[in-house]
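The same chain A turns up in both complexes below, where it pairs with chain B and then with chain C.
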Partner chain A sequence: MPSIENWILDLWIIATASLVAASCAMVGVFLILRRQALMGDAISHSVLLGIVLAYLLAGTNTLWVMLTGAVIIGLLTAWLSESLHKLSRLQSDASIGIVFTLFFSIGVILVSLYTGHIDLDQECVLYGEIAFVPFDTVIWGDMETGTDLGPRAFWLILIVFTLVALSIAIGFERLKTVTFHPSLAVSLGINITFWHYFLMTLVSMTTVASFDAVGAILVVALLIIPASSAYLLATSLKRMLWLAIAYSQGSVWIGYALSYWLDSSIAASIAVSAGALLALTLMVIQIRKWIQQQHYAKQLQSGESA
Partner chain B sequence: MTDRSAIPLKVEQLSIRYHHKPVLTDVSFEVPAGKTVAIIGPNGAGKSSLLKGIMGLTPVIQGQALFFGEPLDKKRLTTAYVPQREEIDWDFPIDVMDVVLMGRHGQLKFWQRPNQNDRDIAEKALWDLQMSDFSDRQISQLSGGQQQRVFLARALAQQASLYLMDEPFAGVDVATEKAIIELFKQLKAQGNTVVCVHHDLNTVHEYYDYAVLINARLIAAGPVDEVLTKDNLNKTYGGRLSLLNEMTEQLYRSQLNQAHDQD
Partner chain C sequence: MFEFSPFLATALIGGIGLALISAPLGVFVVWQRQSYFGATLAHSALLGVSLALLMQTNLSGTIIVVSLLIAWGIFTLNHTQQLSSDTLLGILAHSSLALGLILISLQDSVQIDLMGYLFGDILSLNQNDLILIAVTGVLIALFYWKHWRDMLNITLNSELAQVEGTEVKKVQLQFILLLAFMIALSMKMVGVLLVTSLLIIPAAAARRLSHTPEQMLGWSLILGVLSVLTGIAGSYWYDLPTGPAIVMMATLIFGLLLFKKQ
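After this line comes the complex of A and B, so read on.
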């Protein structure tokens, strides 16, 4: 018999997953359009080092400490890979690969060195476990008498989601111009370096907030797949953002049902659903093209016979 | 306001290197106001690099460009740049109107949206390039010439006084070529200046008043009639003689035709 408490647990999990997926979809749109999908992958991994360092240095894992640590390391990843690319003339994707794997490995070593002090295990870092999200809650007041405000991960992603949505809403026109045509933006006097690092900040915040829920590997799926599906259909940047959010929410719902049915990992099921939706979209587009061709062929034939 | 009598573009001892390889060395010239100017030279002569260096899009190791007597940062809005078409992703989800509206972004703060006035200006720019019917079209559905006209409309919407264009005539259809020539006339009539990288020697006389010949260095700069001499062309295109002879011959013939036309 499912009790009310179980329902509430499910609700927290779905709410957290929805916000994670929506935030990832929004920043993912810009990563896809700017051809920086790999940078999303890189930052999502190297923020681990940021989290661990912030925790070791500050001694707490409050939300703001985690966010700051992740953003600093995220920006450092972006800056170092670009510098390495310029300095050494290595391919830019090779440079990104070098920097983020280095940061991630240092993070993994630190986690295993300080296992006793850090509330993080390697398994959780890689895969996340959204099913445990509701048990780590924020309590207002002191431990015994305070009010339980709900899962920490939920509040973290809610803050990040709000920041990302507001940033995109306010800076929409600028983000569009620097994404569509960087050199035009420069010629108009727009500081594209600022906007680049601004986007990288959003990516870092999004990935650190998604960490608890889906882990470093699957966050990449949420960054890239819904935005890619949207790219296939979108006719404007605004529509692409809405479509990506719609795809991400679809993936969460289908994925949650799938994991319930298979009794498997929620995060992995969500990623699989996102992939399935992308495949479905591609198929529909291909079928529509085929029907159109048939239609034209028929028209041509009837034109000849007439 | 921009002083119309000032020199719209003055390049002073500009040098550009790419990975230690000199691309342009010590290039200086001035462009007079209200003229159309061609930058010509063989492939790899540094024509596009010169334009990019002037616009601050590629680092210069020495020298500077002055716009109406001031550095670019003070004259951003009076200078419109039209890059080569290949630079962008034409599958980007955006329609023609939105691209043209980007020409207005220099005037807007980052949180502002284009208003009705900006839209009117963009519509007028599209009309001037005979692209009004395409304003709702996805840019992925445009032909090469139409893409070029969208870029030009965007520059026009910026309402600048100086226009720098990187090969606007490259790979366009006849209708677009005519539209660009019309645009040149219109801009000149308003006292504006147009500087273009150009690679077709045959049309230089017809389209431009002024020419800048470069091949890694400045060869000559001045009115087309004065600088397009056999000697200068030899210096610019040296080593490609067979091609060159053919070209100069064509050039003289077209000059001759023009002379006859004027009689």
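After this line comes the complex of A and C, so read on.
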């Protein structure tokens, strides 16, 4: 029997998932445009190490500790792969590959060594369990008398979402120049390096906030897929951002319904429906192209006969 | 204590075999900037695992078939230029991984050790895998024996290679299919998420020691075997997950070689 409490649980899950998807979509737009999909992949993997280290060193899993740990490791990944690329003249994709697999391995080894002590289990870390999100709540005040403010993951992603949205809104023009005309940006005196690492910070924050909900692996799907669907249709950066958000929300709703229907993992279903939406978009575009071609061919023919 | 069981013997032989087949492919993966391609194939191999469980088919066989299909799919999609290739790889990697996870979560009756597939379990190698590894090794040797020069030409300048009469597309497709074979086999040992490092790190380390492509091939074979052996030893003695242990050892070797002056 569906009770009112179940509805509230579902609501928290969907709210968290939509915020995760929206933040990922916004950051993903820049990753796609700057052709840094691999970098997003790398950061989302190595953030695992950041979280585990922060947890082991600080002993708590408070929001700020996790965020700081993840951002530091995320920036370290970006910086190390770039220096490796420059120092040893190794191809950039190979150096990214080396750095993030190393960090990820260390993270996995730490989790497997301390898995008894910490409340981080491997499967949870990898693909998250959004269904458990509502049970880990933030309580204001006393454990017993305090008021329940709602799920921890929700607040974390809300903070990150706000940060991402604000920084994109404020730095919009700068980001646009850096993304589309890097050399123009240099000649205008915009610090490209700063904006690069700024973007990497956003990626790390989004990843860590999405961790509870979708885990380290599937977050990449949410970073890349809605943004690329938007890329296929958009004509301006602003449109692309909005379209990406719309696609991400669509995937959340379809994915949630799918997981309800099949009784499968929610995060994975969301990722799969994002993929399905992309495939659909590609198909529609192809069909439209084909129709247009037919149309032109017909025009050409009638023109010849006339 | 060191007990020499048949399991361990299989594991060691399998490990050395995998290092020997991944290193030569890795050399070109690094040169041709295809690291992300390797990672994508590895992620989609998990789809193979879940399909095999769903349809009750042979595990290694299904993984190989799925990897080959995906490899071929990427190869053809790459030539239609709707999205940039790294975006395309990211999309394919993660949507197939997600699909794999859904298919696994649908099968309530099956208890499988997902961690084994994600991070590798050296003890999961069996006799059949050894035979498959040997076959792949022979195929790779044959391929390089025939096409080593062609691959070098393609890497340097694929248009020029085409003009000179190399069948660029055909050779590339063969290389990519071999890569799919190798990844399907090695995911059992190092796991889906870390196969890339088995490909790139020995090759990247070998770069520091070599002056010619042939030397790089030789060194990457040696360093690959070395990191697999030390990794297995570490995983055996300290009870670490095998894949991550191998990656750590490989990166250690790479890191040490970074200090060498070139």
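Rule of thumb we're sticking to: the second predicted complex is superposed on the first by the 306 of 306 C-alpha atoms of A that agree within 3 Å, B and C clash if a C-alpha of one lies under 4 Å from a C-alpha of the other, contacts with A are read in each partner's own complex, and residues count from 1 in each chain.
The rule is short, and it goes like this: contacts are C-beta pairs under 8 Å (C-beta built on N, C-alpha and C of every residue); 3 or more make two chains touch, one makes a residue touch a chain.
Source: prediction; values computed, not measured.
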More chain A residues in contact - chain B or chain C: C
Partner chain(s) touched by A:Val203 [first = chain B, second = chain C, both, neither]: neither
Touched partner set for A:Tyr231, first chain B, second chain C, both or neither: both
First (chain B), second (chain C), both or neither touched by A:Ala213: neither
Touching partner for A:Ile96 - first (chain B), second (chain C), both, neither: second
First, second, both or neither for A:Leu188, with chain B first and chain C second: first
Contacts of A:Ser105 with chain B and chain C, given as first, second, both or neither: second
Partner chain in contact with A:Leu277 - chain B first, chain C second, else both or neither: neither
Contacts of A:Ala54 with chain B and chain C, given as first, second, both or neither: neither
Contact residues of chain A, present in both the chain B and the chain C interface: 231
Partner chain B, residues of chain A touching it in the complex: 33, 89, 170-174, 176-177, 180-181, 183-190, 231, 234-237, 239-240
Touching residues (chain side chain C, partner chain A) in the complex: 29-31, 33-36, 39, 82-84, 86-87, 89-91, 93-95, 97-99, 101-102, 105-106, 114-115, 118-119, 193-194, 196-197, 200-201, 203-204, 207-208, 240-241, 243-245, 247-248, 251, 254, 258
Complex contacts: residues of chain A adjacent to chain C: 32, 35-38, 40-41, 45, 87-88, 90-98, 101-102, 104-106, 108-109, 112-113, 122-123, 126-127, 217-218, 220-221, 224-225, 228, 231-232, 262-265, 267-269, 271-272, 274-275, 278, 282, 285
Interfacial residue positions of chain B with respect to chain A in the complex: 19, 52, 55-57, 73, 76-77, 79-81, 83, 87-89, 92-95, 98-99, 102, 105-106, 108, 110-114, 138, 154, 158
